[in-house]
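You will see two complexes here that share chain A, one where it goes with chain B and one where it goes with chain C.
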Partner chain A sequence: MKGFTAALLVWALISPSSGGGGGVGETWPTHVACRDGGLEVLYQSCDPLQDFGFSVEQCYKQLKPNLSIRFGIILREDINKLFLDVSLLTQGSSILNLSYPVCEEDFPRFSFCGRKKGEQIYYAGPLNNPRFDIPEGKYQVLLELYNENRSTVACANATVICS
Partner chain B sequence: MMPPSRLAGTLIPAMAFLSCLRPESWEPCVEVVPNSTYQCVDLNLYKIPDNIPSSTKNLDLSFNPLKRLGSHSFSNFTELKVLDLSRCEIHMIEDDAYQGLNHLSTLVLTGNPIQSLASGAFSGLSSLQRLVVVEINLASLENFPIGHLKTLKELNVAHNLIHSFKLPKYFSNLPILEHLDLSKNRIQNIYHKDLKVLHEMPLLNLSLDLSLNPIDFIQPGAFKEIKLHALTLRSNFNSTNVMKICIQGLAGLEVHRLVLGEFKNERKVEDFEKSSLEGLCNLIIKEFRLAFLDTSQDNIIDLFNCLANVSAISLVSLNFDRLEGIPKNFRWESLELVNCQLKKFPTLEHISLKRFIFTANKGGDTFAELHLPNLEILDLSRNGLSFKGCCSYADLKTAKLKHLDLSFNGIISMSSNFLGLEQLEYLDFRHSTLKQSSDFPVFLSLNNLIYLDISYTHTRVVFHGIFDGLFNLQILKMAGNSFQDNFLPNIFTKLTNLTFLDLSECLLEQVSQGAFDSLPRLQILNMSHNNLLSLDIRPYKHLYSLQVLDCSFNRIVASNVQEPQHLPRSLALLNLTENNIACACEHQSFLQWVKDQRQLLVEVEQMVCLTPLDMKDMPVLAFRNATCHMSKTIISVSVLSVLVVSVVVALVYKFYFHLMLLAGCKKYGRGESIYDAFVIYSSQDEDWVRNELVKNLEEGVPPFHLCLHYRDFIPGVAIAANIIQEGFHKSRKVIVVVSQHFIQSRWCIFEYEIAQTWQFLSSRSGIIFIVLQKVEKSLLRQQVELYRLLSRNTYLEWEDNVLWRPIFWRRLRKALLDGKARSPEGKVDSENSQYEATTST
Partner chain C sequence: MAPNVSCFLLAVLISASCKVITSSDQMCIEKEANKTYNCENLGLSEIPDALPNTTEILEFSFNFLPTIQNRTFRRLINLTFLDLTRCQINWIHEDTFESHHQLGILVLTGNPLIFMAETSLNGPKSLKHLFLIQTGISSLEFIPVHNLVNLESLYLGSNHISSMKLPKDFPTRNLKVLDFQNNAIHYLSREDMNPLKQATNLSLNFNGNDIKGIEPGAFSSTVFQSLNFGGTFNLSVIFNGLWNSTTRSLWLGTFEDIDDQDLSSAMLEGLCEMSVESINLQKHHFSDFSSTTFRCFTRVQALDLTATHLEGLPSGIEGMNLLKKLVLNVNNFDQLCQINAANFPSLTHLYIKGNMKKLQLGAGCLEKLENLQKLDLSHNNIQTPDCCNLQLKNLQHLQILNLSYNELLGLQSQAFKECPRLELLDLAFTNLHVNTPQSPFQNLQLLRVLNLSHCLLDTSNQHLLAGLPDLWHLNLQGNSFQDGTIPKTNLFQTVGSLEILILSSCGLLSIDQQAFHSLGKMSHVDLSHNSLTSNSISALGHLKGLYLNLAANSIRIILPHLLPILSQQSTINLSHNPLECTCSNIHFLTWYKENLQKLEGLEETVCANPPALRGVKLSDVKLSCGITALGIFFLIVFSFLITILLIFAAKYLLRYKYQHI
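This part shows the complex of A and B:
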């Protein structure tokens, strides 16, 4: 699992620089963020400029608190401020919309806050999530990270399949 | 026709030429500001583009595979101030690569795997202030060729491979260096000799960031007598013990701001002990900040033993339960507690404290009294606190308060109108629930208030004097509230200094005509996300300074902007997007106005029509006036034609007989007869015959010639001979005027009987009955024949009635015209036509 994740991350990080500029008009491939007991999380980058790497460790139907995730990307924008918008959809209708400040300018919470365009960031750490049982079904999750100028830093269309 | 070989001969070189064209020659950079700012991000450029003006000041070439920078690469761009070369795969920078860039102030080289950096790589950059060389595989500062950059203020060498903290000698040549970012490198040890250059040449304004270096050891005395502006050490130490030793190693440092702690995702110190900070007693610090340390203790008061003389303390994301018993003699002026898991509101009694920030502490839910007489700034936002009484001197015990932030809390009951807090300039209640805020003039005593935010406070404005007293208010945000009857009344009458007003999401349906009349300085007005049905310009006409008016996300169908003089002249932006614009011809003038005011309207291209159905989701700009002209013409033409037709019909009806004569459709002639009709009537009815019958028939159109006994009978001849000679012989028709007197008159009966006989003999159907008055049946029966005829034939009945008369005359005329003189010989017919010719002329 770890080897696979590492390979995926390396690939995702290298691909934008080598495939440079080819993103416009194309769709990025769908990646598997995790596939464990009864839960499958797939994602696809919706940022026309680049793909990114993301994985979740130990994802079960009964979601553990503070899930461990890995996330790697090359920044296309400065992130003095960083916000995350999450919207959860099922069968096309929106269930939940969340907006969460990740980085605040006057006091950077994470070590990647304040990083500049062109830098590579890699986050391996816990997600601040509560224990949560995912009901069976198929969900669409739209995730968008954007900075102080409302420029997209990363964007993903994720599919969560719980069986 | 070109032979195939020749075609191929022309095509192949052309193709070859095209394929040799480099993409940059045709893939344009984005012109952000003409002749000044260009973005060429990710365009697969292999060399610096040459189609960019030499006056360019900002050039972004990031994410292009430039690979190497030769000398004088940018000699065309002598005016450049900012040059971004992030992720350009540059591995080699030759001597004089930036030569000629004498105005360049910022150079970004982030993310380039530089292997070969010539010693003169940065030569010529005589104005460079900011150099960002993050992630360039830099192993040491020693040989980094920047010693001549005397104007350098910021050097960012974060995320590299630097092992040594030794600040090279050339730093003494960088006298105005303010920021040195060495974070995320590999520095493990800091020795006294590393800072030698700072001992010799102090950089008093230097802010040094050493975060994310795995520091093990700081030689004691290394920082002795060093003065810095800021020193940041976050996520540097592996254990509390290393932390303790390193902080002791900082002894003798004088620093304005010291930041210690960790990052949320880079936790290393697991067993933090308060003793770790003991070394701080040997430092001179103005501001101290501690963040994200796993303190896990009840009361962290011991932490502050060495911080009594610090003026500003900031504690972020530390988990401790209480903050009590801080000695009163501490000279703190500012205390910041952010996201600390305090279970109880801290008790503070510090005379010196001027600024107290207590935010995002979700522990306690009740507000305790403060005893901070000199407090000027109080921020209690994002705590979920409830306030039973707000706000007056009695609640806050501070008379100097200028800034009060109670946003994102629980229920706040407005019990008094800020008595004793008259100095307040900034007041923020947003996303807290305000109670009784619209019952009395809550803000009456806040004459100095400049900023007021009551957005999303569940306030329902009923009382019109809610904002009384706010004479100096400049910014008012009250989004997400509501008004009685969803009507905006004149509540802003006293706010003459207001420059910004946010009324979005207030469910407004209508706005009072005078709502904004007293706001001559208002510059920005947000009316978006309401339920306005039309854009009524009149309320805004007195906003002489208005620059931005946002009416997006309403239900505006159209507007009354036909009177453009009502729009404030200063208006620069008007947002009407996301409305229910009706692209119908009835709003044609509004739609034309939209087109004319393109410059004024925000995202006018994105404005779409909602109705009518055939225009749904079409851009408003696509509406064509021609369609309206078309339908207007169609409507006017059809109305006109209907009018014309009806007039013609009326005329034809009225002048039916004239037309008949003119067109000659209906030929009539008397033939051998002199008269058109012989009138049989009782002399009792002579009045009617003279005044009505003769007048109408002889003077009307066509003129008939009647045979009347009083006029046409030849004197001296027997009545019976006259009747036959003049009456029947010379007349085409016989008109019988039936009345009471007619039945009783013997002569009349005689005439009638002759007429009958005559009709029988000449086989003409020429008798026209006019029943002048209803005749009693018994009387009528006396004349069996007449009775029979009347009951079998149609007759005309005279009714003295305006409505019926024209019909009567029409019928009579028709009857007289009908059955024109028919003669057995064709000769008579020709005579007839001759006669007609003469009459019609």
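This part shows the complex of A and C:
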């Protein structure tokens, strides 16, 4: 058993993936999207290629409609069409799955729709969400933005702690 | 200590193999041999030696090329498409593309360009498309103009451009697309626009610029393919500025995140002084909506009012006789009659999709639209117990009807009698209620395509599809059959002209051998995502040249008598089946290898049994079953030796037994 632990340790030390700084398989740091009024939202990018920046203004247990968010990312795909998938889990069981069209060819909802691969995007504006009361607890949220080819534009593993 | 050492060795081995994987990851992906390569995200600082000289299409985005110069791409003289998105390029030196005569598309999006040499784009004989999006350009003088005679599209979005004044000598004759999205252009002068008069059918994009002024006459007597002023705060500026211009398509919509002024009828007056075929006003608020709001839309042929917060359209709108296409998606209607369809007698295309409220279809709300050919009423939560003759009254010319993603429709016999010319009917994901002997689609003589996927249909109704003599494409995905079986007598007996049949995800366990007997013309059968075994293949015995999808079923063993049926088809997908890779399936496995060119999804067609071969691709399996000639020889020799041995043993035993006598 000792040997196994030692081997793991050695492997952890010498393996290229955990050395930090650009290795394949590196995990991105966990960021705080907001920490306020009894609500804490943490997120981590699950796109192996890049991290992104996200923050929510005014985070309360009673989520206001049309929350203001800030979002910064480099696009790795064109986004003429962009879809958001959200799945919400608590204690390992799924409680909500939804898919929302953000940009469609016949209905670009946001000003950033239609931007091209390689563009850097900074969005500060409303989210167009409904009013929502979050019951107390800890939630896992998986968010994925993807285009018409199902290529990932952004992916986030978020944790919502409501106390 | 010994286990520690071995573990350490193991660890070194694992990490070493990781390194091998990462270094082999550094290879570009070949998409088409000797022609198309993808080297994205590899952090390369030069063109890899492994790329052949014949490369024509190179996707090289997200690498590292601070300086590009004459020698950077010299070897790849056949390049026609080069994508250098986000390669951190600062400098493009003299004659970088000197030898690239074929280069037609160059993408430089997202590079922090400091300087492009005067001759940096010289070389290509016909550079047609140039992407300089988000490259930090603040003046168009930055772009070297010497070799842009053949340029058809120039993308300059997300830069710091405040004036669209083109440099002197900028060739515009062949220009079709000039894209200034998300820049800081606030004023358009006559002088700016003059050079563009040479271009014919130009598309100009000023989306995200917030134009605050246009010099009167700047656009006058010029013909544009399309003009986009999306997200402009004050639209009257645009309408006044476009005085005396001609545009096929004018996009004036706004967005969720943009503050804009409400649209008043007075603002739209400017439209009287210009010629526009198609206009988009998505997401705007109208401050005083009345029958005169559209006074100047007399020549408009297509109007898009997606998400304009409408609860109805006023009656008595005059002069919209020419309107052919009307889009009213994502609005707030309660009832279909609230759109006052009688205003638009020439309408051929009507889209009311994704209404924010539950939409009532009412009775005869569209009856004045005698010319209507296409009607989209999808995603509207429509619920009606008796559809659709009253609702679609008098739509004699309707060819395409989309009622998908609604709630519940009750259909009687001849439910679409009012639209006898229907060619395509989409009812996917709408719960349909049809009583058993009824034939709702009866007399749709011209219907070619019918999508009934996920309609919760009663498939035991043998008359369901009666009266569809021309039906060519039928989608029944996600409906269930009684006992998971398609019996000998079934609903397909009335649709003999069917060529495409989709029965995926129908929970099927078996198909009767005679079930598809009346379907002799089929060319595409999708039976994927069911629980079928190989026995069901015999239902296809009378068909040839099929595209046959049997993916994700329960096929284990395919017996030899079924193989001729597979052989006579053109493409077969057997992926994601629990296929048996033992000698009991040897005939199929042999057939599989001989017919690889017919098979689709080879990577996902793997063995499930025996455990030793689980996950191995069928095409890689090598089994030797039965006895070979050499085996027979050895067997004979071996049994011969055993026989001799036995004889000798018997002899010895006998001698031993009787020597005492």
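As a working rule, the second predicted complex is superposed on the first by the 140 of 163 C-alpha atoms of A that agree within 3 Å, B and C clash if a C-alpha of one lies under 4 Å from a C-alpha of the other, contacts with A are read in each partner's own complex, and residues count from 1 in each chain.
Convention: a residue touches a chain if its C-beta (ideal position, glycine included) is under 8 Å from a C-beta of that chain, and two chains touch if they have at least 3 such contacts.
Here the structure is a predicted model, which means the values were calculated and not measured.
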item	value
Partner chain in contact with A:L49 - chain B first, chain C second, else both or neither	both
Of chain C and chain B, partner touching more chain A residues	C
Partner chain(s) touched by A:K117 [first = chain B, second = chain C, both, neither]	both
Which of chain B and chain C A:F107 touches, first, second, both or neither	both
Touched partner set for A:I74, first chain B, second chain C, both or neither	both
Contacts on chain A seen with chain B and repeated with chain C across the two complexes	17, 49, 74, 76, 107-111, 115-120, 123, 125-126
Contact set on chain A toward chain C in their complex	2-4, 6-8, 10-11, 14-17, 22-24, 49, 74, 76, 106-111, 113-120, 123, 125-126, 128
Footprint of chain A on chain B - complex, ascending	41-44, 62-65, 84, 86-87, 89, 108, 110-111, 132, 134-135, 156, 159, 184, 211-212, 234-235, 263-266, 289, 291-292, 316-317, 338
Residues of chain A defined as touching chain B within the complex	17, 20-21, 49, 74, 76, 107-112, 115-120, 123-126
Sites on chain C touched by chain A in the complex	3-4, 6-8, 10-12, 14-15, 18-19, 22, 25, 41, 43, 61-62, 85-86, 107, 109-110, 131, 133-134, 155, 157-158, 181-182, 207-208, 230-231, 253, 255-258, 282-283, 304, 306-307, 327, 329-330
